[in-house]
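Here is the structure we will look at.
Chains: A, B, C, D and E, in written order; residue numbering restarts at 1 for each.
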Amino acid sequence: MEKQYASDFKISSSPHLRGKESVPKIMYWVVGILMLPVASSIYFFGMNAVRILLISVIVSLLTEYIFLVSRKKDISLLFDGSAIITGILLALTLPPGLKSSYVVIGAFVSIALGKQVFGGLGYNMFNPALVGRAFLQASFPVAMTTWIPPVIQKMVDAKTFATPLGGFKFSHILTPYKNLLIGNTGGSLGETSAILLIVGGIILLIKKYIDWKIPTGILLTVFVLEGGLYLINPEKYANPLFHILAGGLLLGAFFMATDMVTSPITPKGTWIYAVGIGVLVVLIRVFGGLPEGVMYSILIMNAFVPLLNRYTRPKILGEGGKK
Amino acid sequence: MSVLIISIITLGALALLFAVILAIADIKLRVEVDPKIEEIDGILPQANCGGCGYPGCKNYATAIVNKGEDINKCAPGGQEITDLIAKIMGLEATATEKVVARVHCRGTEEAAKRKGVYEGVKTCRAVALVGSGDKLCDWGCLGYGDCEEECPFDAITMTDEGLPYVDEEKCTGCGICVDVCPKDILELHPIDENIMIFCRSQDPPKQSRAVCKNACIACNICVRKCPTGALEMGNNLVEVVEPEKFTEECYGGIDKCPTGAINFVHPEKIKRENKTVEIIIKKKE
Amino acid sequence: MNLLIIFISALLINNFVLSYFLGICPFLGVSNKLSSAVSMGMAVTFVMTITAVVTWPIYHLILVPYHLEFLEIVSFILVIAALVQFVEMFIRKTSESLYEALGIYLPLITTNCAILGFALIAVLKNYTYLETIVFGVAAGLGFTLALVIMAGIREELDFADVPESLKGPGITLLVAGILALSFMGFAGLIK
Amino acid sequence: MNKKTFPKGIHPPDKKELSKDFKTEFFPAPSTIVIPLHQHIGAPAEPLVNKKDRVLKGQKIGEAKGFISAPIHASVSGTVKSIEPHLTPSGKKIMSVIITNDGEDEIHPDIKPLKDDISSYSPEEVRTAVRDAGIVGLGGAAFPTSVKLSPPKEFPVDTVILNGAECEPYLTTDYRLMLEKTDELIIGAEILKETVGASKIYIGIEDNKEDLISLYAEKLKGRADFEVAPLKTKYPQGGEKMLVKAILGREVPTGGLPFHVGVLVQNVGTTYAVYETLKTGMPLIERGLTITGEGIKTPKNLSVRIGTMFKDIVEFSGGYAGNPGKLIMGGPMMGISQYTDNVPVIKATSGILVLPDEEIPHKKEYPCISCNSCVDHCPMNLVPTRIVKLAQNKLFEESKKWGLLDCIECGTCSYVCPANIPLVHWIRYGKNELMKLRKKSEK
Amino acid sequence: MASKENSYFSDFIKGLWKENPVLVQFLGMCPTLAVTNAVVNAIAMSAAVIFVLVASAIIISLIRKFIPAQVRIASFIVVIATFVTMADRYLAAFYPELSKALGPFIPLIVVNCIILGRMEAFASKNNVGRSILDALGMSFGFAIGLLLMSTFREILGNGTWLGYEVLGNWWDKWMVMILPPGAFLTLGTIVGVSKFLQTKFKKA
C-alpha cells in the first residue's frame, strides 16, 4: 500500500549528519592494500599464486552467495568486500604448491563455517580465513607444510623447501635478513615479503582502519619474549628480529589479528588480546611441535574476545566521582 | 569364593559409609521447599510469559503459596489451570472470563497520513521517540508491528493495511502487547464484548478529522441514538461505559457514525434485519 | 616438572571437553550463561578434586590389594554419586542463588562422564596420589576453561543472526569444533 | 596559545561561514504568535489568561508549577485568540496560548527593573528575578536557570564557565551575540559569579572563532578573576561535562551535574538573557537564533520573539532553496527534525536549519563490524556498540551497567559509524524502555 | 489416547526419530563424539548400549515397586554399573583391540544420560513389556545417531566404511574428520540438518 505523506521533509532521530566512512569503503581499502602482498606473492610464486588467489576469492564469493540466497538476505551484501578479503587472506596463508581442490575446500570452510553459520558479516567469532586455514592444516597436514621455493630462486631440488622458521626449528639455519625483508624465501603466498607487509600495515594504521594497539602489542610481546630467550641462550634461540620478520607474524599482526569483527571492542581488552597473541606465538614457536603458531594464537585469542569485552569495560567519564 | 565375599564386604561397607554420611547430611542440610510450589509449578504452562506479573511460572507458583497471590492470574492457562491450582490450594476458583487484546485504531495507511519519510530504527517504540511518531495522528497506530513481534503466542499479525490483527483464538490475554504498544492502541476486553470504539484520538474534532478519515470526531450521534446509557461522550471521544447495555435500540448509531469509529468487533455475530455490517479488519493473506 | 606437564597437558592439550569428549552434556547445557558456566565449572573442579582425593585410595588401597579391580566402575560411581549428592545438599543450604543458577544440572554432575572418566583415566595412567590430585584439578580447570570460553561466545551469539536450525546445540558444537581446531596449536607443546 | 580540550570527539564540517558574518537582525513580530505553556524541562505552566483577553508584551500568561518549572510570558501585545493544543518543535502537541498581535508592542506596566543599578542586586534577588522572568538554558536543554543558580550548600561553586563554544555545526547565534554584546556578557557573567559565590570565570571559546578569542583577551586584560579559555574546535566541546573536563580537568561524576565539582556552566545566550532581565525587567520573550543551511535562500542571525512560527522566519529569509530535505530545530548533531514549519519558536530554539536532500545521508545500514569507531570517539568514554547491542536485545539493566544512562546523546557515535547504525536512536530507545521497566517494577 | 497396541508401537518408534536421543534430545553426546571415528567402534558401542539399556530396563521395571524413592537413583546406578561391567569385561576378553580403541567409554556407559534418563523417566514407571520396547527404541535411536556420525567421519576422513575402501585412491583423506574437531563439526552439521528437516516436516 502506498504511504501518504503530509510533507516532503524527512524525519529522523539526531544526529542529522554522518561521517564519510562506510563498511564497503573500509573493506575495499583493505582489499586495495592487500594488493601489496598479493603482488609480492605473484612476483615470487608466479602462476601458482595467481591460481590460488583466484580460486580462493571466487569460491569465497560463491559460498557467500549461496548462503545469502538460501537465507533470503540482501544480495548486495555480497559486494561489501568482506568475502573478498577472506578469500585473499586465506590464499595468502596457503603454501604456493597447494592443490586447487584443497583451496576450494579451504575457501568454502572459511566462509561457511568461519562466517555464515554465525549469521554473516559482523557476527563471526573467529577470523574466517584462519578457520579455513586451520581446517586445511588439520585435514591435510603434509600438503599444508610442503613448501616450494620462489620461482626466481633457481633451485635444483625444487620439490621441497623449508620456510625460514622451519629451517631454524628443525635444522637451525638462519635465513639472511635481506631475503626475509624482500620475500625471497619459502613460505606461504603472502607472508614472505616483510617489507611490503610493513608498508601495507603502516598505510592501514594511518587510515586508522586497524587498531594500532594490536600490531604494537603483538610485535612488542614477541620481541621482548624472544629477546629474553635470546639473551639467555643465543645459541639455542634465534634473534628476536628474525622471529618478527620470519613466518606469518607480520601478516598476522597487521592483517589477521586486526580483523575488526573478531578483535575486542574495549581498549584494555585489545591490549590483553594483542599481548596474548604474542605470548602464544612465542610459546608455540619455541616450545610447540609446530614451527609456526600465529594462526593458532589468533584463533585462540579470538575465542577469548567475548570474555575480554565483558570484563574490560572502560571507565566512563566521571565514573566513581562523588555526587 | 573369598573374592566374592570380599567384594560384598567392600561394596557393602562403602555403601553403608556413604548412606550414613548422606543420611546425616540430609538431616543437617535439609532445605524445606513447600511441595505445593513444585506441584503448582508443574501445572503451570511454562510459557514464562510474565502475564501474571512474575518473572516466570515458578515465581508465580511461589507467590501463590507464600504470598497468597490470586490464583486466576495465569492467562495462557485459563480456567482449566485455575481449577487445578484451586484444587491444590484447596480453594474454589473464582471464574476468570477470557479476555483478548483488541485494536483501538482504524488508522490504516490509507486513512491516516504519515508526517514524512521516516528514517531510523523501525520499531514502534523507537519511532514514538522521534516527535511522538511519524503518524500525523498522535493517537494512532504506528504500524511497525512491535506487538506482532513481542506476542509470545503468535496471535498478532500486521495486515496489509498497516494495522495489527488479533487472532482471538490464539490470544491468551497475557497483556504483553498492551504493555509494548507506545500508543496504547491495544487493550484487553472480555471476548464476549462486541461493541467497541476503534479510535483513541482525544484531539478536537477538527484536528482529528484532518489527520485520519476514520477517527472519532465526537459528533455525539451514536450517544444520542443510544438511550440505554451504554455510551458516553468523553474528552472528544466516545466511550463504551456499559457494553452490556448496548442493545438493539442503539444499533442505529452505528449506521449513522460518519467515520465508522464505533462498530462491532464481530459484526457477523449480530443478527440484523436490513443491514450487513462490513468486516472491518481483514486478516493478512 | 612432571606435575607441571600433567597440569598443562590436562588443561590445554588434552582438554577434557575438546579432545577427550568428556562432559559434553553440561558443556552443551550450561554454557548459555556465563555466570552459571563459572559456577558449574567450579562445581566440577571441586567434585573432581575430591574424587581424586577419594578414589585413588579406594583403588590402590582396597581394590588392588584384594584383586577387585573389576569393581572399579561400581565403587567409583558409588563414591561419586554420594559426593555429588552431598555437594548438592551443601550448595542448596548455603546459597539459594547458586542453587537456582545451576538448577537441574547439579544432579547431572553425577552422570557427568567427566568425573567418572577422570577417575578411570587416572587409574589407566597409573598416576601417583599427588599426580592424580594435580590431574584432577587441571582437568577440572580445563573443563571450566572450555565451558567459560563457550559461555562467553554463546552469550555473544545471542545477539547474532545464527540460522534458525543451528541455534542452540548446533552452533555450540560447531564452535566447539573450531575451538578444538584452535587448541590443536598446542599439540607438541609437551612431548 | 594554550588550547584546551577533552579526550576523543569528532570534527564535523562546521559550515559556520554560511551565516557567520550576518549581523543579528531584529525580526518584527508576525501577526499570530503561538506560545506553548511547556518550553522547559520540568512541570508545564498553568495558563493565566482566557480566550479573548487582551495581553500586553511581557505579561505573565503561564504560571510556573513546582520547583523545576518556569513561567511563560506574552511576547507581543494583542488578544488571546484561543488556548488549545498546538504542535511544537518537540513533536508533541502542547497546550498553547495563541495571540493575535495588534502590532503595538504595548509593554505591560509592571515591567521595570527591580533596581536601577545592575550591580546592586543581591544573589537572592537575582534568583527571584531570573525565575520570574522564565529564563531557561538557551543552549538547547532548556533547564530552568534559577534552579541552576541555586546549587545545594554542600557543593560550593568556585568557578563559572561561560559556554561560548557553540560546537554545533552551522549555528552562529552565540558567535554573533558574543561579538555584538561583549560588555553586556562580561557584566552578566560577573553577576552570575556573585550569585553563586564563585571566584573565577572562564569564557570557553572554540579556536575557529579566533576573532572572539582575541577580542575577549583584549577586553579582559589584567583581570585576575576572568580568563579566556581557547578551546580546540571539536564536537561536542560545548557539552557541559566536556567543557568542565577541558577547562578545569575536573570530571563531573556520572549521573551528576557540574555543581558536584564546584562549577556553574552557563550558555552565553542565557547569560545575556539574565543581564537583559536585570537591566530592563523584561522577561524572556525574545531570543537570538540562526536560520541557516544550504536549504535556505539567505541565512541570517535573527532576534526573534518566542512564539513566532518557523514558516514566518523561513519566509523572511527568502524561503527554501533547492530541494529541502530536512527541517531541523537546533543544530545538525542534536537538533530535532520537523515535518512541518508550522511550529513556533520556543525558548530552546537556538537555530532553524534546513538541509537540502543532497546533504542528508542516505547510507545503507550494515551489521556492526566492531570497528570501534564509536568507542574511539565517544566523549563520555562509553562503548556505544555494546550498549546498543544489549538494548536491542532487551537487556536494559545490563546495558545500564555499560553506561546506557550516562550517554549525553551528542550523536558522535552515529556520526562516525561506518555501518550507519542509528546508535543514538537505539540508546534513546533503551533509556526509554529502561524507565518504563523501572516504573512498572515500582508499581 | 491412542489404543493400547498403538501406544506400544509408539513406545518403540519414538526413540528412533521424534525423540531420538542423539539428534533431538542431545543426550549421550560424549560417546557420540568420541567413538565415531570408525564405524566398527560405533557398532561395538551401540551393541553395548543396547545390551545395557535393555537389561537394566528389565531389571528396574521388575523391581521398581520395591525401591524406595530416596535411594532410587543410587540403585539404578548400581544395576546399570553391573551390566556395564559385564559388557566391559566381555569386550576386553573377546575383542581386546576394540576394547582398547573405545577406551574408557564402555565403562562410561554407566553415566550415559540416556540410560539413567530412561530408567528414571520410563522403566521405573512402566511395566516390563513397555520398558523393553522403550529401551529398544531409545538404544536403536542411539545406534542410528552413532552410525550416521561414524559413516560420515570414516568415509570423509579415511575413505573407507567399516574398513572397506569406498572412495578409492583419488580421495584425499580429510584427516580432520577423525580428529576431535571433526567430531564436533560433523555432529554440529548433522544436528543442524536434522533440525532443519524437522521444522520443514512440521510445516508440511
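Heads up, the rule we're going with is that contacts are C-beta pairs under 8 Å (C-beta built on N, C-alpha and C of every residue); 3 or more make two chains touch, one makes a residue touch a chain.
Quick caveat, the model's predicted, so the values are computed rather than measured.
Common neighbours of chain B and chain E under the contact rule above are A, C.
The minimum number of touch steps linking chain B to chain C comes to 1. The minimum number of touch steps separating chain A from chain B is 1. Inter-chain contacts peak for the pair A-D, counting C-beta pairs in contact. Summarising the inter-chain layout, the chain whose CA centre lies farthest from the centre of chain A is B.
Ranking every chain by how far its Cα centroid lies from the centroid of chain C, the top place goes to D.
Taking the mean of the C-alpha atoms as each chain's centre, chain A and chain C sit 33 Å apart. With centres defined as mean CA coordinates, chain D is found 42 Å away from chain B.
Distance from the chain A centre to the chain D centre is 48 Å, each centre being the mean of its Cα atoms. For chain E, residues that reach two or more other chains under the stated contact definition are 176, 179, 181-182, 185.
Residue positions 115-116, 119-121, 126, 129-131, 134 of chain B are each in touch with at least two other chains. Each of the following residues of chain D touches two or more other chains: 336-340, 367, 422, 425, 428.
Chain D makes touch with chain A in their complex at residues 10, 12, 169, 241, 245, 251-256, 260-261, 324-328, 332-340, 353, 355, 357, 359-361, 363-364, 366-373, 375, 379-383, 385-386, 401-403, 406, 409-412, 414-420, 422, 424-425, 428. Residue ranges of chain B in contact with chain C, taken from their complex: 3, 6-7, 10-11, 14-15, 18, 21-22, 25-26, 29-31. On the chain C side of its complex with chain D, the touching residues are 158-159, 161. Contact residues on chain E toward chain C in their complex (touch as defined above): 26-34, 73-74, 77-78, 81-82, 84-85, 88-89, 104, 107-108, 110-113, 116, 176, 179-185, 187-189, 191-193, 195-196, 199.
On chain A, the positions that touch chain C within their shared complex are 71, 113-114, 117-120, 123, 125-126, 131, 134-135, 137-138, 280, 283-284, 287-290, 293, 295-297, 299-300, 302-304, 306-307, 309-310.
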